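Below, each structure is written out as structure tokens.
Two complexes come next, and they have one chain in common, chain A, joined by chain B in the first and chain C in the second.
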Partner chain A sequence: MTVLEYLQPESLDEAIALLGRHGADLLVMAGGTVAMPLVNEGISLPERVMGLRRAGLDHIARRDGELRIGATATLGRVLEAAIDASDVPLLADAIRSTGSWAVRNLGTIGGNLFTPPPGGDVAVALLALGARVRLAGPGGERDIALEDFFTGYLATALAPDELVAEVIVPLNARRAAFRKLGRKAANTPAVVTVAITLRQDDGRTHDARIALGAVGPHPFRATAAEAALEGRALDGATIEAAARAAAEASRPVDDPIASAWYRRRMVEVIVRRVLESLA
Partner chain B sequence: MTKRVVSFRLGDHEVDVLVSPLTTLQTVLRYQLGETSVKEGCRQGGCGSCTVLVDGEPTPSCLLPVEDVAGHRVETVATMTPGDGLDPVQQAFIDHLGFQCGYCTPGMVVIARALLAREPAPTRERIAEAISGNVCRCTGYEPILDAIEAAAASPGTAGASAPAVRGSAGLAHEAAGAAEATR
Partner chain C sequence: MRVTGRTTIEAPQAAVFEAICDPAALLEVIPGCQGLERDGEDYHGRIALRLPAIVGTFDVHVRLVDAVTPSAGTLRGRLEGRIGTIDGSATFRLNDDDGVTVIDYDGSALVSGPLARLDSRLLEGLAESLISEGLSRLGRRLAAQAAVPA
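Our next item is the complex of A and B:
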């Protein structure tokens, strides 16, 4: 089948209108790093494709204590914005660990939310940072916490007539660390990706956010592991308990990168190491 | 299905191409414009053999619909080659046996030049990270790292390629040519 039409809306409103007109038959594409390989291989055979590159959604702005990133801002540009920003930890590390330099020049922050595991490393960092997503549809906009955005494998809370318009990251100086375990040092799919932020008062840990990637149907928070840290000092026993809880919360699968067994073992190891780096 | 004329800059020349919807930049460069330095590799963005510069930024041309390139500037290893010979990066690949079959070489040279335009003296680790999206099945990479290190140390390399402005507008911002091309 041939692609009949490549639509290039020049505003968010126009994009939403086109989505309403063509509905589920429309393949929506931002950077194309996930969709274009499927089209090139003939796995996806869309009649109509909508590219969002010109829809005016690529802003990166600090406002009211938040970093607001337009859905189609490329990972390369977000990296430049985050690289020296101490109030936006994790993001630069997560982006550097994602894809190659050239792929990061196409891949977008919004598109990363739709990248199936073992991809989606940036989303793991965003989860730990407490990011939310602004969804836009014909009825207006709504915000949703990123942990509520993911609903299953390749499934999100996005309604069929909505688009992701913006990712909003609260700026704060919580303690944070990121670690992606892959089989190479760079440009490698994850065995497991771990991003953790927490607050410490008088040597006690509070409000930890432990986000895991590549070990479930979508990036998720290991809430039992977070609870194991609450109000406690980051000592060896507490870290062990949290790491074990994170491994138990994982639902990894076998794939060509790693077995489910190995992934679960590595969740425990990497969560422990990341917490030790924060102790 | 309506074909469309897309205009962009290839090196120093304006080009107009007539394309079907969602034709990739790689297909246009190699098969319509005869830029055979742009290889067709995995078509997944995973091998780097089709890497070109778009507004100075390294880009996998197999993942980019040419319609999104309207009004932008594309450079390939061929358009970057000086008229009177080779640039220091190309010469270093020869001097250090940085290729065998040569299939990855155009993409390697493009990404190496982009790196050296931004970072004139990268560490070996930094070079390895930069070329991590460019697959070579012949050399084992060490001669390629040698070549890029040598090119970095070579006089004349820093000015060989005009560095892109960091944080430049990128593809999202439409240039004047794009709207015309779609009418």
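Our next item is the complex of A and C:
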């Protein structure tokens, strides 16, 4: 390990200035649960590491019908807040399924957005919840819908001089359910992760958001599956059609956790089960 | 590691081939490229990789072989850095499709050093991500050039 300098900015502005100064040589780290093993193994060799833990980005606040979560709030603290808020059970379920207690006590909500599949389960729930991400750079701040944040495998809409400052989760009374299928019950990478929120009016489904993880280069919404639910009752045939559309939209790959074939089959099964739980 | 793909660039075949042979163009389109020089068929340069959690630099030695202007070629060489070494080659084919260019590429590489400890799926994903970013930058550069005739 040959890191020359560990930088600990004490504000977001200072962090952005340091990022501007050191650019390409700088590893930006929040909880370090992904980055530190890579640095220790010599797979990542930055000259400088910027730790964001003192940058004042760990707030969790409820304001104007939204839950505003600072990028470096640990998953453990967000879990407590989500349990207290009680109207975002989806977020609590997603965090419980992520890593172990030790990982959740260090790992952050902002860092989880950069964890490549089959990790990054929290982002799947955030997508279904309609979350936005606040990005901060030298030119100021901008909000971006989470589905526009992900652009490819390990690729995001974040500019090289920007940082993720905040994750904003709308609090509303939508029905929601989450399910992660892994090789074991806990502390496991996903075969597939499914998060769904929807609104029901007179027995009909509206504005469904079906988010999938571990079956594409990044978490994504299965929009064809969402369309299959619009204006319909959640009956067996509708659920089957949406589950099939979700499987068709997924682009899984073979890895040591599961084959692409098995993953696609499981998308259909898990989407169906999650929708049945909401019916 | 094997990476194959196809992409379409909104520019004529000759312009795309010319960009692939032009170190100044490559410097602009290769993600993290900090310097690139051409010496005959050989390219030498430096790439600073900066991804979430992975940061490292590579010295690049690549040679353009079997070039068939303006439709095909093979890039063969080595990226060498303290986080690992990547030896490989990639063949590309440019097909004219009514004024736009369809690029097919097929590359394979042997990764050694610390980087080789990463899951092969992660390495391939990484390579695909960098290639698609590079090709989309190439498309943008050529589109901008077409918009402002020299």
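A few points about this structure:
As a working rule, the second predicted complex is superposed on the first by the 277 of 279 C-alpha atoms of A that agree within 3 Å, B and C clash if a C-alpha of one lies under 4 Å from a C-alpha of the other, contacts with A are read in each partner's own complex, and residues count from 1 in each chain.
The rule is simple: a residue touches a chain if its C-beta (ideal position, glycine included) is under 8 Å from a C-beta of that chain, and two chains touch if they have at least 3 such contacts.
On a predicted model such as this, the values are computed, not experimentally measured, just so you know.
When the two structures are aligned on the shared chain, A:Lys184 is found in touch with chain B, with no touch to chain C.
Between chain B and chain C, it is B that contacts the larger number of residues in chain A.
In the superposed model, A:Val253 makes contact with chain C only, not with chain B. In the superposition on chain A, A:Thr238 contacts neither chain B nor chain C. When both complexes are overlaid on chain A, the residue A:Glu41 reaches chain B and chain C alike.
When the two structures are aligned on the shared chain, A:Glu10 is found in touch with chain B, with no touch to chain C. Judged by the touch definition given at the top, the superposed model places A:Pro217 against chain C, while chain B stays out of reach.
In the superposition on chain A, A:Phe114 makes contact with chain C only, while chain B stays out of contact range. Once the two complexes are overlaid on the shared chain, A:Asp25 sits against chain C while remaining clear of chain B. Counting contacts by the rule stated earlier, residues 41 of chain A appear in both its interface with chain B and its interface with chain C.
Touching chain B in their complex are the following residues of chain A: 2-6, 8, 10, 31-33, 36-37, 39-41, 49, 51, 53-54, 56-58, 72, 74, 76-77, 80-81, 99-103, 105-106, 184-187.
Every residue of chain A that touches chain C in the complex is listed here, in rising order: 23-27, 29, 34-35, 38, 41-46, 114, 116, 152-156, 160, 217, 253-256.
For chain C in complex with chain A, the touching residues are 32, 34, 48, 50-56, 81-84, 114-115, 117-119, 121-122, 125-126, 128-129, 132-133. Chain B contributes residues 1-2, 20-22, 24, 43-46, 48, 51, 54, 57-60, 62-65, 67-68, 111, 114, 128-130, 132-134, 166-167, 170-174, 178, 182 to its touches with chain A in the complex.
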